[in-house]
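Order of writing sets the labels: A, B, C and D. Residues in every chain begin at 1.
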Amino acid sequence: MNTNKQTLRGIIPPLITPLIDTDVLDETGVRNLVEHLITSGVNGIFILGTTGEAQHLSIKIKAELIQKTATYIRGRVPLLVGITDTSVYESIRIAEIAAKNKAAAVVAAPPYFFALGQPELIEYYELLADKSPLPLYLYNMPSHTKTMIEVDTVATLAKHPNIAGLKDSSANGVYFCKLLALFKNRTDFGLFVGPEEMMASMVLMGAHGGVSGGANLYPKIFVDLYQAAAAKDVNKTIELQHKMLAVSQHLYGIGRFGSSYIKGIKTALSLKGICSDFLAQPFNLFKEPEKEKVKKAVKQLDKLLAE
Amino acid sequence: MNTNKQTLRGIIPPLITPLIDTDVLDETGVRNLVEHLITSGVNGIFILGTTGEAQHLSIKIKAELIQKTATYIRGRVPLLVGITDTSVYESIRIAEIAAKNKAAAVVAAPPYFFALGQPELIEYYELLADKSPLPLYLYNMPSHTKTMIEVDTVATLAKHPNIAGLKDSSANGVYFCKLLALFKNRTDFGLFVGPEEMMASMVLMGAHGGVSGGANLYPKIFVDLYQAAAAKDVNKTIELQHKMLAVSQHLYGIGRFGSSYIKGIKTALSLKGICSDFLAQPFNLFKEPEKEKVKKAVKQLDKLLAE
Amino acid sequence: MNTNKQTLRGIIPPLITPLIDTDVLDETGVRNLVEHLITSGVNGIFILGTTGEAQHLSIKIKAELIQKTATYIRGRVPLLVGITDTSVYESIRIAEIAAKNKAAAVVAAPPYFFALGQPELIEYYELLADKSPLPLYLYNMPSHTKTMIEVDTVATLAKHPNIAGLKDSSANGVYFCKLLALFKNRTDFGLFVGPEEMMASMVLMGAHGGVSGGANLYPKIFVDLYQAAAAKDVNKTIELQHKMLAVSQHLYGIGRFGSSYIKGIKTALSLKGICSDFLAQPFNLFKEPEKEKVKKAVKQLDKLLAE
Amino acid sequence: MNTNKQTLRGIIPPLITPLIDTDVLDETGVRNLVEHLITSGVNGIFILGTTGEAQHLSIKIKAELIQKTATYIRGRVPLLVGITDTSVYESIRIAEIAAKNKAAAVVAAPPYFFALGQPELIEYYELLADKSPLPLYLYNMPSHTKTMIEVDTVATLAKHPNIAGLKDSSANGVYFCKLLALFKNRTDFGLFVGPEEMMASMVLMGAHGGVSGGANLYPKIFVDLYQAAAAKDVNKTIELQHKMLAVSQHLYGIGRFGSSYIKGIKTALSLKGICSDFLAQPFNLFKEPEKEKVKKAVKQLDKLLAE
């Protein structure tokens, strides 16, 4: 167990997982995407999260992705690896692969089949943190896991020497502001915002960074926005915020289901020649009408964000 | 119909409703509370909201409360009146009483028995705005109404000459940040934050104010916090935010149900001699063990917030 | 307080509320509908329920409806009156009007703005039962009220001398079967099924009747189905059940929102010349394309149910 | 692909998974439990369902359990294997192991991380049915998967030659009764009830059997109850139903979380010497006070069910 808690800061995009076909990794896509992000100044890369379709991938592909991403990053930024699984044994297996590939930390949402009680959650995370060879970040995502990691539970878990922070994707501003107050005097517990639309507001109030899905496509606007907010420059933050919001506004509402934002980002990346737009089952690719809409959106966004 | 949209700003506490007994208003309590708030610098008073137990009051008490509050305010700050009801006819009846008492505006959440579709919601609000003698504020509160007033619906409704703004109690930071972007170039549509814990973060980003329940008890800290955030003074905002958060931290978790925060505030106000702690059915008063906890909390908070 | 608990049995349709226009009762429609139901053999009539759009009506119309329905029924079957409201004072007011018009019982779902805890629910119902001049039926409808009346809570409340039974609209077969076991040795507590699609299965197991919305339109098939199930004739029950299910299958899915089934029934009744199809806000009338579909459905159902 | 659809009938208990320790199968327990069930007359055995803690087990243990159960069953009753996973590739891997061990069918709930749209669900199940070497049963469990397999979706999927039936654990009587009507003329599509409390009522109306968790402990009462209901003997069904309901009433409410019923069954089986009470993380074992309660419950139930 690594007892040096991480002090990660900034924009750590949740990598989409480039795929060529059913259960076949798009290795060139991974390399291109990693370069695209690092050259734009991101502060880390997070693989196998929700945006990375982790729950839909086979273990084989997960292991390949960890190995390839680590190779392409070449130590330039920290690598975070999602190990969320309903089976703690499978989570630990992935954590060990991550450690072997010199990842900086692992990230786990609660098991997501049964809704758990908070005492069950505490025991679960303590076991996982005990067994994990890398520092562990909690990942709050009640819309998908059914279980909120409540503020008091975070307070308890933060005492564990191998639990290093939390990524919150609840979109709940009350929850996040309470966490910011709880950890106001600690620099060793990282608080990261999932939903990109509210990232800047929370960084102004003290959050340490954002795990922003849109940064796969337009990393620079997110890096700039984070830096403005971290520097407490409110006017610049608001100006960049309104620019950045165009990404979700134009790109995430194409398509009908919860997966639309992932499809929007993957299709756009494929139009830009960075990687393939294939999606793992149960999602399916956009068809021509949706692809046309993405093409139009990308054209508008390219212009808007270049200004 | 009043076509001069309001340009309210700042802290507008959602008044708790002082009651002496079942269906009996605590008139002295209302007067004391109004003075307590106005002398602390609040920018308006909102009666008959969720915190005011509006849904549990008889129509008779509602009418009395409107009349008394208007009398005690004496025009010093604007009066907003909640007219939320599942029957649009009853909502209009209350709006007419509000107008007769020279209220500044009315506030309505969606009907809350059936979950409505967005087109139904648009027709509903347009009818209500057409018939309301006072400018209408939308009130988004999906946890209680089951229906989110979606961003596109707000965009449509904001075109109505008698719809003046929105109060959001969803606690959803993504939703609120999208609204801030949508209305960035309009000064005639007010965006107010319900949950006090995230108010400052949204005011920094451009929100016009907060309808903060805790301001019933400690109005000054909320006024100061709003002003720091409106002035874009990030460091002072964070300092005051952490002070203010002590209110919800110490006071709202006593008791077991969704009504705990209302009970906490009412009991504390009664301990301070401002008004009675009686609650309308189906809520019930705190018993001695809870009252003791509130007493302790108030002592701590008085000290902390005096600093 | 009336301590003679009711022993209602059979089909008690939840009357739709015939309206001519905004806040104007369709009196002829009410008379026609009452005759339509009683001549078809229903065992009671329930007004001001969910199907009756009670939450959307003004108090004036509610009082009129109670008085007119009582007049037209002429004591031939028991009249039940919905008194569900978020304000217990308004519920009692309606209960008193019901008593004055010689209704047999009142029916109340939990207050539906705040989600209540079970102890709050018990205190609430005990107060209401104490004050109600007529026997009270509990009405479980968690999809609309957010609060389940849990089995243990029903067990506690059933001890009250003025609580006479429960109507369950949760559609939860586990819940209903547990209640049937709980009250297996009591003939003085009525258990009624809301959703018509599962009525027969629960009557076979011991339920006392159904509050079936479709019985507004086709009362006879529901009366026949209830009688087959109450007589434990399984084969005839299944045969009639499959006939009856055609009503919901053909009629309730026209339109897009939760209100579709009410619109389907009202439009069909208006096509049959029984009453107007006007709906109270926030619902709106079907337009021509949907009306055409209802016309087709009614033609099919008339033929099918005549066989 | 096996195009001979199964025509399973009766009680098919969802086997709890006997474990000795973390990731260690209790082989003797499996053998004892299989004998306990088959000698009591069950009609099949379903492993790796919700009650079997499938989502919390490693792939290694899953493979072992399939192999051991098949060995101990010795072809006396059909073996059904749960293959529910968020990754379709892992589901297919388990299906292949099931086929190699001569299981009769596989069972899959929808992927349970993202809530899926119905068209996504159809594509997903069609792919899975195409690739599965064994007939596939759909498993509706919206409380855990967030996605209801809607009636129209079942109608579409039932046309697939390798989809043989559905197990419904929604507890929704309306849903199940609609399915019974939809398939009234088909003998090749099995409809099974999950929640044991409503099993008998649905078998009376035409359901083909029950996947009743309590049958792990008291198989005979479930077999008798099913047979009475399948024979349309209503009075005997009600009598046995009220006996059977004592199991859930006494045993499932010990403990605080959603996992209580699994803990109750496992602890009771261990008290009876059939298998160990170990649970896979994130669940934890009952401690002494809860064990005492289970002991008392088992004593009462043994007496009651022996009568």
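One rule holds for everything that comes next: a contact is a pair of C-beta atoms (placed from the backbone, for glycine too) under 8 Å apart; a residue touches a chain by one contact, two chains touch by 3 or more.
Model, not experiment: these values are computed from the prediction.
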| item | value |
| --- | --- |
| Interchain contact steps from chain A to chain C (minimum; 1 if touching) | 2 |
| Neighbouring chains shared between chain B and chain C, ordered by label | none |
| Greatest separation from chain B - chain, by CA centre | D |
| Chain B and chain D: spacing of chain centres that average the CA atoms, whole Å | 49 |
| Chain centre separation in whole Å, for chain D relative to chain C (CA means) | 35 |
| Per-residue multi-chain contacts in chain B, two or more chains | none |
| Pairs of chains satisfying the touch condition | A-B, A-D, B-C, C-D |
| Footprint of chain B on chain A - complex, ascending | 171-178, 181, 184, 195, 197-198, 200-202, 204-206, 232, 234-235, 237-238, 241-242, 245, 248-249 |
| Touching residues on chain C, where the partner in the complex is chain B | 22-23, 50, 55-60, 86-90, 93, 110-117, 120-121, 123-124, 127, 144, 146, 256-259, 280-284 |
